[in-house]
Structure formats: C-alpha cells, structure tokens
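Chains: A, B, C and D, in written order; residue numbering restarts at 1 for each.
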Amino acid sequence: MQTKLLFTLPIAAVGAAAALHATAYLHGEAKNHLPRFWAFFLATLASMLAVVYAPGKISFLLAWEAMGLSSAGLVAFENTEKTVRRATWIYLLACHAGACALMLAGVFLNSPDAFLAAFFCAIVGFGLKIGFPPFHVWLPEAHPAAPAPASAVMSGAMIPLGFYGLLNFFWPVSTVVPYNTTAGLTLIALGVAGAIGGILFALPQVNLKKLLAFSSVENMGVIAMGLGLALVANSRDGGSLFSEIYVLSFTGALVHVMNHALLKGALFLGAGSILRQTGTLDQDRLGGLMKRMPFTGTLFTLNALGLAGLPPLNGFLGELLIYTAGFLAVRSGSPLLVAAGFTVLAALAFTGGLAAAAYCKAIGATFLGEPRSKAAADAIETPKRMWIAQLALFLGSVAMIPGTIFIVHKFANGIGEATLLTAATIGGALVLMTAALVGLRRFLCPRGAVKPQCPTWDCGYHEPTARMAYTATAFTQPLADLFAFALRPRKHLIPFKGHPAAPTDAALVTETDDRALAGFWRPLFTFFARAFQRAHLLQSGSLHLYILLILITVVVLLVAAFAS
Amino acid sequence: MNILTFLLAALLAPLLPGIVNQTKAFFAGRRGPGLFRLYFDLAKLMRKSCPRSTTSTWLFDIAPSVSLAATAIAAMLFPWGPGQGTFAHASAALFFYLLGTGRFFTVLGALDTGSAFEGMGASREVQFSALVEPIVFVILGFLVCLSGDVNLPGMLGDYDGGAWTHHAFSLILIAVAFFTILLCENCRVPFDDPETHLELTMIHEAMILDNAGPDLAFILYGAALKFELLAAFLVAMLVPKLSIGPEAKTVVLFGGILATAVLVGIVESVIARMRFLKTPQVLLGTLMVATLGAVLYILF
Amino acid sequence: MISTLQKLMLALTSVLFVADLVQSVFYIREADRREGGDHMSHRTYYVCLSAFFGAMVFALLSPSLPLMWVAVELTTLVSAPLIAYHRSRGALEAMWKYLLICSIGIGLALFGTMLVMHALELQEKGVAEGCRMWFKVGFVFILAGYGTKTGLAPFHTWLPDAHSEAPAPVSALLSGALLNCSFFAIARFREIMPAEIAGFCDASMIFFGILSVAVAAVFMVRQTDFKRLLAYSSVEHMGLIVILFAIFMHTPADPGRGVLISGGEIVGDAVLGLALLAHIVFHSLTKTMLFQTAGNLLLAFGTRAIASVQGLGVSMKGHSALWIVGVLFICGMPPSVLFASELGLVVSAPLWMSALVLALLFIVFAAMMKVALAMTMGTPVAKPEPVPGKMLIVPFTLLAILVASGVLACICISIPGAWHN
Amino acid sequence: MTSTAEILLALFLLTNIVLAGTGRLRQAIRLVAVQGWMVGLLPILLWNWTDAGAPGFRVWAVAFVNGAVKGVALPILLRYAADRAKANFELEPLVGFRLSQVIAFAIASASFAIGKALHIHETVASELAIPVAFTTMGTGLFLICARRKAITQVLGFLAFENGIAVFGSGILLEYGLVVELGILLDVFVLVFVLGIAIYQINRTFSSIDTDKLNALGDVHLMHRHQSN
C-alpha cells in the first residue's frame, strides 16, 4: 500500500505541474491539435494510475500497454517532424518488446522453479521502461521529441513505474532467498552501467533534453544500485546489520525515486520553457538566459543542484541513505557484500562527480555568459504559470526533506535516522551560513553587489563577444575525450573559407550518439532487415518456384509422416 | 573545548599557504613573502570594493559566499577534538558532498562571467573532481573497514594502534592516495600551479579571475580552509587511538597539519607541474593504489 | 467445437459480406471514375461477389467432406474473376497465380479427402493398423491442400499478389472470410483424425503455423507496398489461428482451468477455445477495416507504394486515424481483442513456443509500425485526391465495433477468474 | 489378378513418361486426352464383375462423364485456347525433355515406394492403382514447374487431376453421384476459367509465356516503388 502511495505521488505531482505548464507551453499550437494532446496526456496519467492500482497481473499488463501507447501518442505529437517519427517508432518498439518480455515473465512466474528466468524476463521487460542499458535507447530519442510537459511526466513519473513493477511482482524476496544474490548482483551491475554510462553520455550532449534524458538513465541506475544492494544484503541471512543495510538502501532507492520525479520533472519543464521562448534546445546556441528568464533560470539551477545530489537539497538525502548502506555493507564482513558495497560507493561517487559536471555545463551553457544566438538574446521570461509549475515541484522536493526523515524514522531507526537528521540540520546550517556570508558581503561592499560596472576580464582583450566564451561542447571536451573509448564522439571539422589570413566560418563539430543505438541496436536491426530483404527473393514472382515450393513441402511432409 | 579547537583551526587556516610558500622560498633560496602574508591580503581585500562584470548575474554574487559557507560547515563537522565532534553522526559522505556544493557554485560563478579562461578553468575543475570522487569513496570505505564506524568522527582515527603493525602497507598506500587527492583538490603542484599567473595553465586561479574584494577574500580563505581540512583529514586518519588521551591527539592533529603544509611545500619545490593531459592517468593510478590498499586490508 | 466454429463463421462471413457489399457500392464506382481502363461489368462483379459469398456459406454448411471440397473449389472459381476486376497486367497475373496455385492446392485437398475417406472406410471395417497411415498421409494432403487456400506458408505465395491486386472490398473478403473458410475445412478434418495420430497432426499444424508467422514477419520487414503488407499480416494471423487451434486440440480440458462447453458437451480448454474464436472473428473484422482503408488510400493516392503515402495526419485525418488504430489493433495492442487472444496463446503454449511466437510478433510489430508511422506521420509528399466521406462509413463502423468489443474483452480478461466462466 | 485394368494402368504409367518427354503442344494435349479416356474406362475395368454382377447406373454414368469431360471436352477446349492464343507449338521447357523423363521415372519409383509403405487393404481394387495415381499427380505437378507456358501448366494440372481420379477409381471410393459429378463439374469449370484467363492474358501481354507473369514479386515491386 505504501509503495502504491509512493508511486502515486509523483504521478499526481508531476502530472499536475506538467498540466499547468502545458496550458502555457502549447499556447502557440494550432487549436485543433490541442484536444489530441490533452486526450493523450490525460490517458497517460490515467493509465499510469491504473498501473499502480491494477488489481491483477493481466490488468497490470493491460494498463502497462495502455501507458506505453498513450504516451507514444504524446511522443508523436509533433507529427510532421522526421525525428519525431523515428522516436515514436523506437519508443513503440521499446514498449511492445517490454510488454512481450513481461508476458513471458508472467508465464515463467507460474512455474515455481523458474523464478530466475522470470526475474530476467522482468528485468528486460521493466528495464525497457526504466532504461537499463542497453535498453535505454528510447529515452534519448523520445524525450527530445515529445512536448516538454509530456517528457516531464514520462521521465519523472512513468519511468520509475518500472521499479514499481519489479517491486510488486518480484519483491516478496524473503520467500526466494536463494535467488536474491543473483538478482541483486544483476541489479547492481545494471545500475552501475546505467548510472555511469548514462551520465557519461549526458555530459557531451548539446541538446538540453537529450542531456536530461541520459541523466534519467543515470538516476534509474542509482535507484537500481540501491535496490540491488538491498537484495544482496537480504540474501545474507540473519543479523540486524544486514536488515539495516537492506532498509537503508531500499529506502534510499525509493526516496531517490521521489526526488528524481519531482526534480527531473521540473528540469524538463524548464527545458520546455527554454524551447518555447527561444525555439532551440541546442546549448551551443543558447546562453545568457539567466538575465532574460530569471525565474526559469533560478529554478533550473536549484533543481539541477538537487538532482546532482548535492546538499542541502533532498537529492542528497536519498544518495546519503545509499552511501550509508554502502558503508555498512563494506564493514559487514560478508565478502560478496563488501565487494558490492565498494562497487556501489565508487560508482555512486563517480556518478555524483560527473552529474555535477553535466549540470554545471547545462546551467553554464544555457543560462550564463552571453547569448550565442539572436533567439537567445531576444528571449523573455515565460508566462507565470510555467515557472510556477517548476517552483511547485521544487518546493515539493524541499518538503520531501522532512518526508524523508519521517520515512527513515519509520523504517530504519539507529544509524540511518541519526545520519539523516544530522545531514538535514547541516543543510539548514549551510543555508543560514550562506545567508550570513551574503549579508556580510553586502555590508562590506553595498555598491558592487547591486550594480555591475565593467566587462568581463579577458586578458586585456577589449571586446569580449559571446563567440569567445566557452561553449557547452568545449566545456565537456576534456571529459569527453577522456572517455572517448566509450563515447566515440564523431568530430568533423568544417574547414575555413576565404583567405587564410582572414579565415571565416571554420568550426569543429562534435556529436556524441548513443552507443547502444549506434553500436548495437541499429546494426542488429539493419542486419536482420538486410537478411530478411535477401529472403524476399523467395517471393520473386516466379510461379514455377512457388509450385516447386509446394511440391517440396508436400514431399517433406510425407517423409515426416512416414518417419514418425 | 571543541568550539575552541574549531576556532583555532579557523584561525590557523590562512597560515598554511604561508608555510607552503615559505618552504618553497627556503628551497629556492629566497626570503619569501612571509608566513602571515595571506592574513594581510585578506584584511586588505575585505576593505576593497567588488567590481563585477556586466555579464554576470546573482550566481556570481553568491558563489563565493556559498563556497565558503560550504567549506566552513564542513570544517564544523570535522572532529578537531578532543572528544567527539559537535555532530557525532555526521556522515563522511556529507563532508565531501559539502565540498562538492562549494565547488558546484564556484564553477557556476566562473561560468557566469562568460569568460573563456574561466570556462576553461571550470571545465578542468569539474573533470578532475569527477575523477577524484571515486578515489575518495574507496578511501572512505577503507576507513569504515578499519574503524568499524560509518560516521566521520568515528571513522577518523578511532582504531587501534595495532592496525599500524598489521596493515602498515595498506595504510601507507591509502595515505599516498589521499595525499595525491589533497594536492589535486587544492590545486597544488603537480596538478595545478597557483603561481604561474598564466590564465591558460591554471585551474582554480583561472576560475576566479573576475573576483575581487571581499569575494576574493572569501575564496582565498575558503581555499586555505579546504587545504587545512584535507590535511587534517589525512593526519586524523593516519593517527590511531592514542593511549595518552584525546587531548594529545588534538595536539598531534594540529602538528600534523603544519607538517603536511611543509610536506606540500617540499613537493612543490622538487617537482614541476605536469601536463593536464597526464592528470587523468595519475588519478587513475591513484584509484588503483587506493583500491589496492583497501583490498589488501580486507584480504589480510 | 466444430459446430461452434461453424455458427460463428457463418455469422462472421455474413457480416463481412454485408460490410464489403456496402463498401463495394462506393468503391467500384469511385475506382472506375478514377482509374478508368478496361474493367469487368458491374453486374458480373456483383454476381460474382454474391456467388463468392454463397460458395463460402456452402462450404461452411456442407454436410459431407467431399461436398465441402466442391464448395471450396467453387469459392476459387468465383473469386478469381473478382481479383481481375481491373484487367490490368498485374491483376491478370495475380488472378492467374491465384487460380493455378489454389487449384493445385485444392487438387491436393481432393486427394487428401479421398485418402481420409478411404481411411474412414477402413476404420469402419476395423482395420486399425492399416488405417492409421492412411489418415496420416491424408492429413498431410489436407493440410497442404486447404493450407494453400488458408494462406499458410510456404503455400501462401498467391496471397500477397491476389490481395494486393484485387479491389479493396474483394481483398477484404478474401482475407476476412475465405481464409477462415479454408481453415474451417482443416479444422473439420482435424476433428475426425483418430487419437493415435493427433500428435502428428498438431505438431505439423504448429510447424506450419509458426512458419507462417515467421515468413510473414520476414516479408513484412522493408515492405514497400501497403496492401501487400496487409496480405502478409493475414498470413501471420492465419498462422496464429492454426497454432491456437492445434494447441487447443492438444490441450485436454481441465475443469480447474475452465472448459468450453458447446451443446452441453465439454469440448476443450476455455482459454484457448475462446482465444481461438476471438482471434478468428476479430482478425477478420480488423483486417476488413484495414483493407477498406487501404483501398481508399489507393484511390486517393493512385499508388500502393508506401513511400508515396506520407503525412496522412495532415492530409487525410480520418484515414490516418483508421490506419494507425487498425495497424495497432491488428498487431494485438490493447484494447484490441487480439491482445486477449494472443495473451491466451502465450499463457497456454509451451514456453519455447510462447517465446518464439512473441519474438516473431515483435518483428511483425516493428515492421508494421514502421510503415504505419511512415504513412501517417511526416509531411505529405504527394497531394491526395480525397475520397468521398461515405467511403469512411463502413470502416468507421467497424472501428467502433472493434473498439467497443476490445474494451469489453479487456475488462473481461482483467477480472481475475473471468476465464473460468 | 492381372487383368485388363492392370494393363490399362501400366499404359497409364507409360503416358506419364511419354508426356514428360513430349516437346509438342498438340501431342501433349492428345496424351492428356488419352489419359482422360483411360480415367473414364478405369472404373468399369476395375469393377469386380464376377462377384458384384454388372455395375449399376452410377458407375456407367461417372465413367461416361469422366471420359467425355476429360477425354473430349477439356482437350478440345485447350486446343481451342491454344489456337486462339496463337501459341507456339513448342513447349519451351525449363527442364530438358530427357531430364524430365528421368525425373518422371524417379517420381514413378518413389510412388511405388510410397505405395509399398501404405498398407493397402484387400478392398482396394488394384495395388497398381495407387502408385500410378501418385506418379500421375507427381508428373503433373512437375510439368507445371518445368514448362514455361501458361497453357502447359494447365495441361500439367489436368494430368494431376487425372492422377487423383485414378486414385479415386483405384480405391473404389463412393461419394455418391452428385458429389462425383460436382467434382467433375468443378474441374471442368476450372479449366474453362483457366482457358479464359489464358485468352485474356494473351490479349493483355501478347504472350502466354508465364515468364512474363513474374512481375508481382516483392523484389520487383520494391524496385518499382523505389524508382517512383
């Protein structure tokens, strides 16, 4: 019941905020498109609720399919774009493949000794929604394609429903302890791959929504790590320490679900506001929006801070729970758990560092510095309700701080609760301290804090332009180069024109595609499509061949009949 | 008592860059700027105004304050001793994540100016810190194993001296790893050279090119405090429970901090800054060293 | 089971005939106006269409096996001219292939009928040992023979040509009604097979069923012609129906799982039985709706090339909705009844078969969705000449029926234990 | 019980092998006509005169109609269609005549093997009937595959049908008169329709060469659609 409530909250919160945002977001759309959006939007919300409250397996499956279909309608909203068409296709395939895997999982679940097979099917089925690598391919395609309120709902509330499914159908774990180790390690492995892979690919993206989509992969990875650690701890029987690890990491994962829902929802709405006001999501063409859209910018910054898991916001508390569980695991003495603990600690830390880098880049390139295009320079603040929607979600995440403490108080007293309380207090202290220092500074130089006086120092160069500022691509280039073996960025140089002494228009363009799509799924699909196309020769139109086929088949059948 | 040691630490912080610089001057055969140079600098800066770029926004205004506040709060968490710290249940993760918050805002403040140099510095900063994070947490995991405690005050030095006789090798590996982190995080040679004054070659200094007055003072003081914090962390984790009582440990702690500063000075005197491209490789090596230390401890 | 099937199919065939007759009235006139050229007289068309319907009813109602053969053969004879309504090269070629391949198939079926009749005769005389082989060989020829008309791979080769070249209402009737009638013939023969060879019969039916789904999947990938795509989809669904039927025959009725009762007699497993019946009915209805829509598109764009039909969402909204919903429904997405029946198959079949069928259905889904999205989304490349609104009446009526019954079915299956009734 | 029926069946087998080696359209039609006559004769020859007495009206009627339709009407129809379509007299094989004969022989051998494997009950009039039926059907299907022209395919189909009829007579199957005449009528109408089809194809394509009827494959269509 509590998990039901926990997964209902994001749907309600993000759904309401996204709806509010959408009323303004869709303002410019043609009138006759609006009913389509709202129909699919409401259907998506309704089917998500149906998923949560489905009474049985079949009704769950039906609601699950309905959720996929109705959200596909949202992805396909801008139906004339070619990229949207591709995204819709990929998304639909992901949904359908997921449903197929779930059907199989359900079948496996019926036979008592096939629990692990059922679990792996469910991992594939739910993983296609959650976005475990390499099943995450639809996320970076569908999110940029969908209207922002839809992406917010899909990323914030819909994706984690995969975890809801896993919890609902595979979490009476105590009954199947022998499998918990394998299941837990699988989740940890997927979580580590998802978290690090997701954030690594988020880093070099120039499309803001693509960056956010990859970051969703990362966050789902973090949640999976928490759940996996909980499972592994659960499989080591006995001892209050193990149950403490279990409770802490489990709670941490669930708290992270909430945080991700609220904050990522808000970030997608922010991205939507930017798209609406500037017409682009290309970070290399944005910049300087903090001055032009102060509310959107401030909220985006705060939400990003929360999602990067930094104190004092609630994003940190969820990760802290998992960290604490990781520390406990490390000292538990059970070799497997120690190894799992170290892995989770290192991976979570690395992810945290990279996430901070990615969000710094997103904020810096989008909101700070000088605008890099006319569209960005001409942008103005959105209508009030658009940023109020984001503000509401942000406040929700702040309100989650006492909520988190309450949850932990209820389930995990002892280390967890004390740690969490300290962290929350310290968070408050940080805010107060900052306020004090800002006050001090204002006191020391009242004038400077109010009015800017001079251009940016640029080494004595007199006319700093936006073209000279660090771009989003440049900012992440060192990290992207460092991980080039995994990211495989495509770089192409646009050679300069004109005289070598006064070159113009030269540019270095770097694009980082999703490796799972470009390196695995696309070749796989192409391979099969080619092979199938070759097989089309059988239907070449030759009547002789057709009849020969019939003849041969009859002969083979006769042989089979005589043989059997 | 705790408050007193914290205040002592806060007062002591600006001394450390002085010690480093004096050590370097000693090795170079110069007279040096003096041990208390930073105190004078801070006092001077606090009286100045802070001009600000027309490009920048409120983020630039609050970045130094947030950064210093985060470092200061982290310093409050640290068990300066004697006895348990003020926050007995402060997590080590919280400690390092507070530093992370500070860095987040420093980087945003740098990007806020729209300057290419500051962007470059910020880019390098986030790159190196992302690589440092996993090392830090492997070391923390090791400390949890060593002390059996998951909180920062318990984790630091709350273990038997016997560990040094049985696991000296692991401890040394971990110490080396943490010292490397200390150099990297505080932008010291060989990772960064705060004294080249060439914008292209710096990390931290490049990020604060546009800051002046009290802002700069905040930043400089914050950097010194962070240096002290990490040095203290290093010392505290190496010193086990002492039989002569917690007061003695506090004395050892502060002595150790000063010694670390001297050590940093020596390191800066004998090696040169390496190329930025080499840094990831070194950090990867450090991760290996830390992991090796942890693994050896667990296995033997 | 057979009597249930018979009643159901009679009703279904009648409904489809009415639907296609009404659509023909609009379609034929419109097609003549647009395409002109040489074509069959309208009177002949309607005579043939009615005779086609009559032959199918005859096939369903025929009292004896040989008479059923005569009737099925008759369906070939009267539907062949319908395929070549437009006397274009393509239509004639399709008709020729249809005639020849189906005649050979039907010849094999005649031979099979003779073998089975002989076997029955032997069985009556009590020659148990000898008659088993006769039954077996007989069933081989029946499966190959009627399988040709049912469109089972690899006997399906006539099907894409005939379905794509025929006028839309005829394609719809071929796909929705004729294939079912031939399947009915197979089912009838399967029913009288003795228990000892049931294993062989079911295994071979499952083999051809899966092969059909696989072949359809292979040929739907990178398909360039939307009517052919629908034709292959029919192959796929006939494969599924045959699989369902084979498993149904193979699964003993288990009162714990629920049983299907027909005429006061337990005939088999409820889940599979209902899934089979539902699949037959709703495949036909959905496919009819899709073929009629495809026919309208063909008239509007003058081509069956998928590449030329883009951006329906902009240019022809009604057809766009029909097409995308229809394709989703035929792929078994809820709230399609086919979802329920495919779910029934998956939960009842052996695991390997469920996995294989699901994988193949996924390929089908991928291929069909690619086409459906390519056609409905994007910007139009060619300006269509819109068809009159009355041509949408029948497809939309069918769509309404489909949605309503689909929702009903989904509600039914999601109530736990609903299968048991 | 070597009888006239068995001699007839042996001759029937022979016609198949000859048919496989025939290069002339008219000769092939004539051979199929001969087969039709034999099919008509077979029920009467297979009739157990000694035990069952004289055959009744049904047998005579079926025998007569069979012979008339398969031996007279259909060949005439085919020849008419061939003339109207101005078909070449050559058969234009895809598989050479000699090889065709070898294959026909192989089919015959396989048929006898199958006949052996089937437990043929004593009620079957002649053990020879079943292999011969198989051979005829096989040869017919083979000819459809191995000859290029549409009209030859109809011819092959007729041979195939003759095989089925031989089988029916061989195992003394009794359908009832109506059914049997219905079957015959169907075959008749089918060939009639095929003939009309050939006529129309010839008119549209100006050839009845089925190679010209190969345009409707997935591969060709794809090229056509892509070039659009």
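Basically, a residue touches a chain if its C-beta (ideal position, glycine included) is under 8 Å from a C-beta of that chain, and two chains touch if they have at least 3 such contacts.
A quick note: this is a predicted structure, and the numbers were derived from the prediction, not measured.
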> Quick one: which chain's Cα centre is the longest way from subunit C's?
Replying inline: B
> Which chain pair shows the largest tally of C-beta contacts?
Replying inline: A-B
> So what's the Cα centroid distance for subunit B and subunit D, whole Å?
Replying inline: 97
> Measuring from the mean C-alpha position of subunit B to the mean C-alpha position of subunit C, what distance in angstrom results?
Replying inline: 74
> With chain centres defined as C-alpha means, what is the inter-centre distance between subunit A and subunit C in Å?
Replying inline: 43
> If you average the CA atoms of subunit A and of subunit D, how many Å lie between those two points?
Replying inline: 68
> In subunit D, which residues are in touch with two or more of the other chains?
Replying inline: 117, 141, 144, 153, 210, 213, 215-216, 218, 222
> Which residues of subunit A are in contact with two or more other chains?
Replying inline: 536, 539, 541, 543, 547, 550, 558, 562
>> Going by the touch rule stated at the top, which chains touch which?
In response: A-B, A-C, A-D, C-D
>> List the residues on subunit B that touch subunit A in their complex, please.
In response: 46-59, 61-62, 64-66, 68-70, 72-73, 76-77, 87-94, 97-98, 100-101, 103-104, 107-108, 111-120, 122-124, 126-127, 129-134, 136-138, 140-141, 144-145, 148, 150-151, 199, 209-210, 213-215, 218, 276, 280, 291, 294, 298
>> For a test of understanding, state which residues of subunit A touch subunit D in their complex under the given definition.
In response: 536-537, 539-544, 547-548, 550-551, 558, 562
>> Looking at the complex, which residues from subunit C come into contact with subunit A?
In response: 96-97, 100-101, 104-105, 108, 133, 136-137, 139-141, 143-144, 148, 154-155, 157-158, 160-161, 200, 204, 217-219, 221-222, 311, 313-314, 328, 331, 333-335, 339, 343, 346-347, 351, 354-355, 358-359, 361-363, 365-366, 369-370, 373-374, 376-379, 410, 413-416
> Touching subunit C in the complex: which residues of subunit D?
Replying inline: 117-121, 123, 137, 141, 144, 150, 153, 157, 160-161, 163-164, 167-168, 171, 173, 175, 179, 182-183, 186, 189-190, 193-194, 197, 200-201, 204-205, 210, 213, 215-216, 218, 221-222, 224-226, 228
> Hey, which residues of subunit D end up touching subunit A in the complex?
Replying inline: 94, 114, 117, 141-142, 144-146, 153, 210, 213-220, 222
